[in-house]
Amino acid sequence: MFFHKQELQFASKPDKPDAVYARKLQEVLGGQYGEITVAMQYGFQSWNIHLPGKYRDLLFGIGAEEFGHVEMLATMIAQLLEDAPIGITGDAVQDDPTVAAVVGGTDVQHAIVSGAGARPVDSNGNPWTAGYVTASGNLMADFTSNANAEMQGRLQVARLYHMTDDSGVRDLLSFLLARDTMHQNQWLAAIEQLKEDGLEQLPVPSNFPQRKEHTPVSYQYLNFSDGDTADQGRWASGPSLDGNGEFSYHEGTTTSAPRPAPTRPDARLYGTTDVPNTVEKVAGSVQDKLHRE
Amino acid sequence: MFFHKQELQFASKPDKPDAVYARKLQEVLGGQYGEITVAMQYGFQSWNIHLPGKYRDLLFGIGAEEFGHVEMLATMIAQLLEDAPIGITGDAVQDDPTVAAVVGGTDVQHAIVSGAGARPVDSNGNPWTAGYVTASGNLMADFTSNANAEMQGRLQVARLYHMTDDSGVRDLLSFLLARDTMHQNQWLAAIEQLKEDGLEQLPVPSNFPQRKEHTPVSYQYLNFSDGDTADQGRWASGPSLDGNGEFSYHEGTTTSAPRPAPTRPDARLYGTTDVPNTVEKVAGSVQDKLHRE
Amino acid sequence: MFFHKQELQFASKPDKPDAVYARKLQEVLGGQYGEITVAMQYGFQSWNIHLPGKYRDLLFGIGAEEFGHVEMLATMIAQLLEDAPIGITGDAVQDDPTVAAVVGGTDVQHAIVSGAGARPVDSNGNPWTAGYVTASGNLMADFTSNANAEMQGRLQVARLYHMTDDSGVRDLLSFLLARDTMHQNQWLAAIEQLKEDGLEQLPVPSNFPQRKEHTPVSYQYLNFSDGDTADQGRWASGPSLDGNGEFSYHEGTTTSAPRPAPTRPDARLYGTTDVPNTVEKVAGSVQDKLHRE
Amino acid sequence: MFFHKQELQFASKPDKPDAVYARKLQEVLGGQYGEITVAMQYGFQSWNIHLPGKYRDLLFGIGAEEFGHVEMLATMIAQLLEDAPIGITGDAVQDDPTVAAVVGGTDVQHAIVSGAGARPVDSNGNPWTAGYVTASGNLMADFTSNANAEMQGRLQVARLYHMTDDSGVRDLLSFLLARDTMHQNQWLAAIEQLKEDGLEQLPVPSNFPQRKEHTPVSYQYLNFSDGDTADQGRWASGPSLDGNGEFSYHEGTTTSAPRPAPTRPDARLYGTTDVPNTVEKVAGSVQDKLHRE
Amino acid sequence: MFFHKQELQFASKPDKPDAVYARKLQEVLGGQYGEITVAMQYGFQSWNIHLPGKYRDLLFGIGAEEFGHVEMLATMIAQLLEDAPIGITGDAVQDDPTVAAVVGGTDVQHAIVSGAGARPVDSNGNPWTAGYVTASGNLMADFTSNANAEMQGRLQVARLYHMTDDSGVRDLLSFLLARDTMHQNQWLAAIEQLKEDGLEQLPVPSNFPQRKEHTPVSYQYLNFSDGDTADQGRWASGPSLDGNGEFSYHEGTTTSAPRPAPTRPDARLYGTTDVPNTVEKVAGSVQDKLHRE
Amino acid sequence: MFFHKQELQFASKPDKPDAVYARKLQEVLGGQYGEITVAMQYGFQSWNIHLPGKYRDLLFGIGAEEFGHVEMLATMIAQLLEDAPIGITGDAVQDDPTVAAVVGGTDVQHAIVSGAGARPVDSNGNPWTAGYVTASGNLMADFTSNANAEMQGRLQVARLYHMTDDSGVRDLLSFLLARDTMHQNQWLAAIEQLKEDGLEQLPVPSNFPQRKEHTPVSYQYLNFSDGDTADQGRWASGPSLDGNGEFSYHEGTTTSAPRPAPTRPDARLYGTTDVPNTVEKVAGSVQDKLHRE
């Protein structure tokens, strides 16, 4: 269960209102790689985990932290919106043409829908969707997903850092950047730990018996474009990273099969088909079939 | 540009129709980690890349392969549906109660909408959405996303392997498993290559100056749950994976700030607020303001 | 069945074109609480209702009115767009930098997709979705949902009122505000009527036998945050609104249970688990199982 | 900020696995009115609130409780899935035709995607979306939305109660039913409190000056259907609930206006129009305009 | 404005309950090509139209009819659900294993969410979305979209016809099939009328000056696959349908250009790039730039 | 399978950066009728087709071409973004108020998420969804859908043509306009070919026996609005386009049925109903039923 404390994890206060920037900050709150995503992702991974002990504690330990980040960003966005011009007519400031033009870059739902409050959406106003969440039960796969999420997240915060001069906002970003640094390191460390503990190896899932895959193509780089330098990377020669094979490089496919004949499903689905063949197949003429109903 | 060849990358033909399994296969065609996702993801990464040479060739080279996987799965799904009972009444087989019950597990849109054809949806019928795609321009982050996609993909195919006895379907899965093995290895190798080439390091993005982040918390494990074993993992002590710091372990937060006062935006947004304070702020009584319009 | 009459419910005509405001008006046409939502919501409630007579007549009677509001807003939006600059180059007005900047605040799909026509989307361009609709068959719950929809709707229209000086647009808004006033009152009156008619009481659903709920916590306010004033509200002491209990106030939870052990599903789902335990459970070693297939 | 404790709010453990019921429980976890919705809704309302004190404490106090309900449902779903047949072939139980048929009623993504874990989706597999969340800043409107959410939620739990005989699951449901009883009462009490504190009245938003609405229709019931009993309800006569007016009943509309002429936007949007009129309007022939570019 | 009449357009009553079929019928109510789509599509086309007279009357005339079809399908679905087993335990019928299995094929939200009522979703439970609607302002394009919608709709109804033996349901379908026949004919007739009236020709939009397109490829069939029979169709030789050109057939592309060099955007977006080049471009070293902030 | 060639189908290079226009171009890349839609649509139609020979070759032949158009637009968008001001502070150009205002019209995710790269979204930032795709297996219906897609596509490109003066961008648009001209002609020619080959006629699906539809209304124009000119079109009199009937014109409906009584489903769904009737129906009082559980 969760308990809330009416404090934030870090002190930051914007120097001045900025509704345009408030919209941009929505990305790291409610976007594909925003804080809602990681909070929910670590939550579902923790609730579904099949192991007791340190991995479960890890997921629980960080999940609650991320819900706190959701709160910090929502709070900052509300502060940025508090006194910002957001399109109300009749105020001197609002009727300045420059201000009016800038207001065009705000999230208009901040004004119309939430009344100068944060929203669970991204910087283009798309509602957050659980389609962003990954929780498969396989920890090697999921921790890789987590590492990616923290990388994309830190990347977006770094970009946002250059889109404002506000020192209070930058304080918040500097905190999030640091935590993303930790979390990138943490998930990559957790992957190392999984290997050390003998719980999972490459390729994921490692206890599926590899002899059941079509092994001739398991370590082949197949080049389906006409670029001529893809053979110069580590992926094209030398031992594979899982230690089970040797990379090789090939132009195009090494296997192929003729395209099968088109399917000819039941005539009563009314797909377009050359009738006699279909009729033969369903044993009787279409007319017969249709009469039968 | 793309050219199509009327061949498949691997020979496989289902032993028998199976509309229930056809629905399940939709997951790795049109799901969050299905082939459409990786085809589009590698496509957008290649079109947006900032580097010429081997990384671009790599992305182009594999992108077209994945579009071919989309085609292979769509073809297999259509074959599985071809003669399967999908709810048409009046056929002896269909009116068998057991068959009728099994039909309940099919994707009914396979019958009603696509007429026994594959669809760009997942195994629950959710349409594929570009919200699944990642293409940030930062290759370390994106290759980590790619590695995760191939892990989740191979995991799902491995699960699907145990949900059918059909040898023809298993042929296809054995091929996909092998390619996912390669692609996991490949993206992890590409990450190593990026480091070797000096193009990107941890933490991502590595050329953002780390001194601008709030460094005191950059390598702290903060435990926001009451589990007592999270300090036993590699993420809680020892050198960080990026080589720039030393992990430490802490119960709860090491920083905090009092919650700021509530915001009180413009009275004409009609949020609920204690009036006098608001009025003071907008310089005049609410009545005054409202009269002014 | 529905019949259409080529009249609007109220006369209003914009003083001047304003594509930025046209975008804003989309919110109350195609947003979460726009007119499409209430029209469809009252429609589905009426088609699903289990009662003949006045409640059914009420839902039918207002449903058709709301479809007329959809039409009024769509018509107004098209009028606002008619001669507005929307990004076409080569016109003197459009090449004015101020105009160009203002155009940034328009819905660009108004120009590119609908050719200066209204669209079934909200003010951020999100397509309307039936995920907004509520029609449960329980009228107390649904009428509360309706009351909320009319409150959110009137709130948004009130905010929009202050975002334009156009007297024609304000005419339309003044009409919608009045109807929302009526509809708020109407749904709350309908809730009173339901109680009077003995059809439904609190808590909803009222004929579920309350003794089957875990009654010790049925009227407890549990405080999961550390604020210290929540005990000062009507929700924390005194008789409950349903007349069936007495509110009490508690810090944190009054019930709890240890977290159950992690689940350990079938090994062939390849979740990460400590193997021996899993193996024991599926009666045989993983290797054995996998050989068996 | 949030802290997590590795306990649940109530003890409950399913008697036996049941993947079909696990799917159904997803509705109250990740559906329109599931626990994720109320947790996020109360969260955003608390972060955006404009008042200090008891209302803010109320929102914070219940928000964290609901995140705990999310966790309880996710845990229960994972337990229901733990040993349930979910489509793996080669097991005696799975190949029983009756079992196979029942498996058709499960969420196949529980097997393929999450490996017998809970997912942030509803009972039809639709990912949770923030389009369900309401947080307007106006507390009367938002508390009405909250009351509705708790009504719909309790209604769905009551229905689910009759869809299982499992005593452990019913324990959990009995707890949720009781909390929903409390929360319905609580939000309705909070609405009463708002009125008592003079912070908000009907109609919402109450400080918008009602004289600016088109008052002649503010309390008219307009009957747009041909039912003849809608005049028998409290909404059709007597004083309005806000105390500001008197209901009256009318067949059809009391106001109307002729439909305005069609709009004729810029010819370069290529909408279909009768050319001369358009041309006149854009001051020059279409040919002229097009030559000019 | 719209008026509602408490009648249906056609008499039909199901012989018996059938929740599985009720789910299937949802497709033509709330699916991509269901009645909600056409009702809303014709609605938006009518509200946005730029012409008075017969085309506007046509769109208004049919739009209201389609809202009536929405109502008819919703009513039928509720009737099919009325006494159908939908998963309630403890009833003899429900505990029959065959019945239990069949219930797996129902839309479980019909039971949990709408209480045996229709929902605005498709047969897989996806909420209807306005992303299905087309209303461009160009009538030739839009009428072609309408013709397609009526074709897909009639096709789906024809498929559904074979999925039930219920004579009452078939009555309803026979009515919808007839109306779809009319509407296909009607929209194709309207396209002919547009041509006759000189309002629009091929290619759409016909008053865009065709000399501004790259005319050498305007009538070339370019074969990007290796099939060898595409030259046998009417699209590959002879006069084009718009009467403005002559079809020709070509293997692959007739135009091409070398792929441009990769883009190298501002270094502060932290995309992966070979640094010196980037630095040169932004006129100063990355370090310099970053110091400057 | 697909092969990629590192060339584009046409040479075009923007004269200058323009992030606002880059956003607009997203519409024809990732919008409802953008290139992703047609590429995926023709792909699924080709993989599901039931005919060998020229129609299959046609679909394969054009599908790969469209994936190449996706690439061309993505490449152009990245070029337009390359050196455009997109909100980074501290640069002289960016701090110009006019520039700042214009930046408000850009897609901010181009800066924050993709780092100046193209995205699989439309011009309002909505992710592309497979809900746009049509592939029914009936070629007459699907080719009509394809013709519409090419019409809407060409219409949008024509509008975009007037929203830029950039000669390089116009080069690309002139190429796309020409291909859309071809593709409109091509799909309409393919429909003619289907008729000539005797594979499909009107109404679609033509081999459903028309005597099974309610033929009295098959060719009636029913006027559900009060416009008085709809009888002047070709749809209201004369022979129908399918050659099977004669159009006639009618005011309102020619058939009708009284609205059926409300449904009264199982009491344990807790819909609001007048109890006695319900109780009678479920054979026993509600209390009895509830005790029984």
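Going by the order they are written in, the chains are A, B, C, D, E and F; count residues from 1 in each one.
Following the convention adopted for this analysis, a residue touches a chain if its C-beta (ideal position, glycine included) is under 8 Å from a C-beta of that chain, and two chains touch if they have at least 3 such contacts.
Every value quoted in this text rests on a predicted model; they were computed, and no experiment measured them.
Q: Which neighbours do chain E and chain F have in common?
A: A, B, C, D
Q: For chain C and chain E, what is the smallest step count along a path of chains that touch one another?
A: The fewest steps needed to get from chain C to chain E is 1.
Q: As a quick test, compute the distance in whole Å between the mean CA positions of chain C and chain F.
A: 26
Q: Where the CA atoms of chain A average out and where those of chain E average out, how many Å apart are those spots?
A: Taking the average C-alpha coordinate of chain A and of chain E, the gap between them is 28 Å.
Q: Residue numbers in chain F touching 2 or more other chains?
A: 1-9, 32, 48, 55-56, 60-61, 63-65, 68, 75, 78, 88-90, 98, 101-105, 111, 113, 115-117, 121, 124-127, 129, 131, 136-138, 140, 155, 158-159, 162, 205, 208, 224-225, 227, 253, 256, 263-265, 268-271, 293
Q: Across the complex, what residues on chain D touch chain F?
A: On the chain D side, the touching residues are 155, 158-159, 162, 268-270, 293.
Q: Would you tell me which residues of chain B are touching chain D in their complex?
A: 20, 23-24, 27, 31-32, 98, 101-106, 122-126, 155-156, 159-160, 162-165, 224-227, 252-253, 256, 261-265, 267, 269-275, 278, 286, 290
Q: Residue numbers of chain F touching chain A in their complex, please.
A: Residues 1-6, 48-52, 55-56, 87-90, 97-98, 100-105, 107-109, 111-113, 115, 121, 124-127, 136-140, 194, 199-200, 205, 207-209 of chain F touch chain A in their complex.
Q: Under the touch definition given earlier, write down the residues of chain B that touch chain F in their complex.
A: 1-9, 30, 36, 40, 43-44, 47-48, 60-61, 63-65, 67-68, 70-71, 74-75, 78, 113-121, 127-131, 133, 135-138
Q: In the complex formed with chain E, which residues of chain F make contact?
A: Against chain E, the touching part of chain F is residues 6-13, 32, 53-58, 60-65, 68, 75, 78-79, 81-83, 86, 88-90, 111, 115-117, 126, 129, 131-132, 134, 136, 138, 140-141, 144-145, 147-148, 151-152, 154-155, 158, 161, 171, 174-175, 177-182, 184-190, 192-193, 196, 202-205, 208, 210, 212-225, 227-230, 232-235, 240-242, 245, 247, 253, 255-260, 263-266, 268-271, 281, 292-293.
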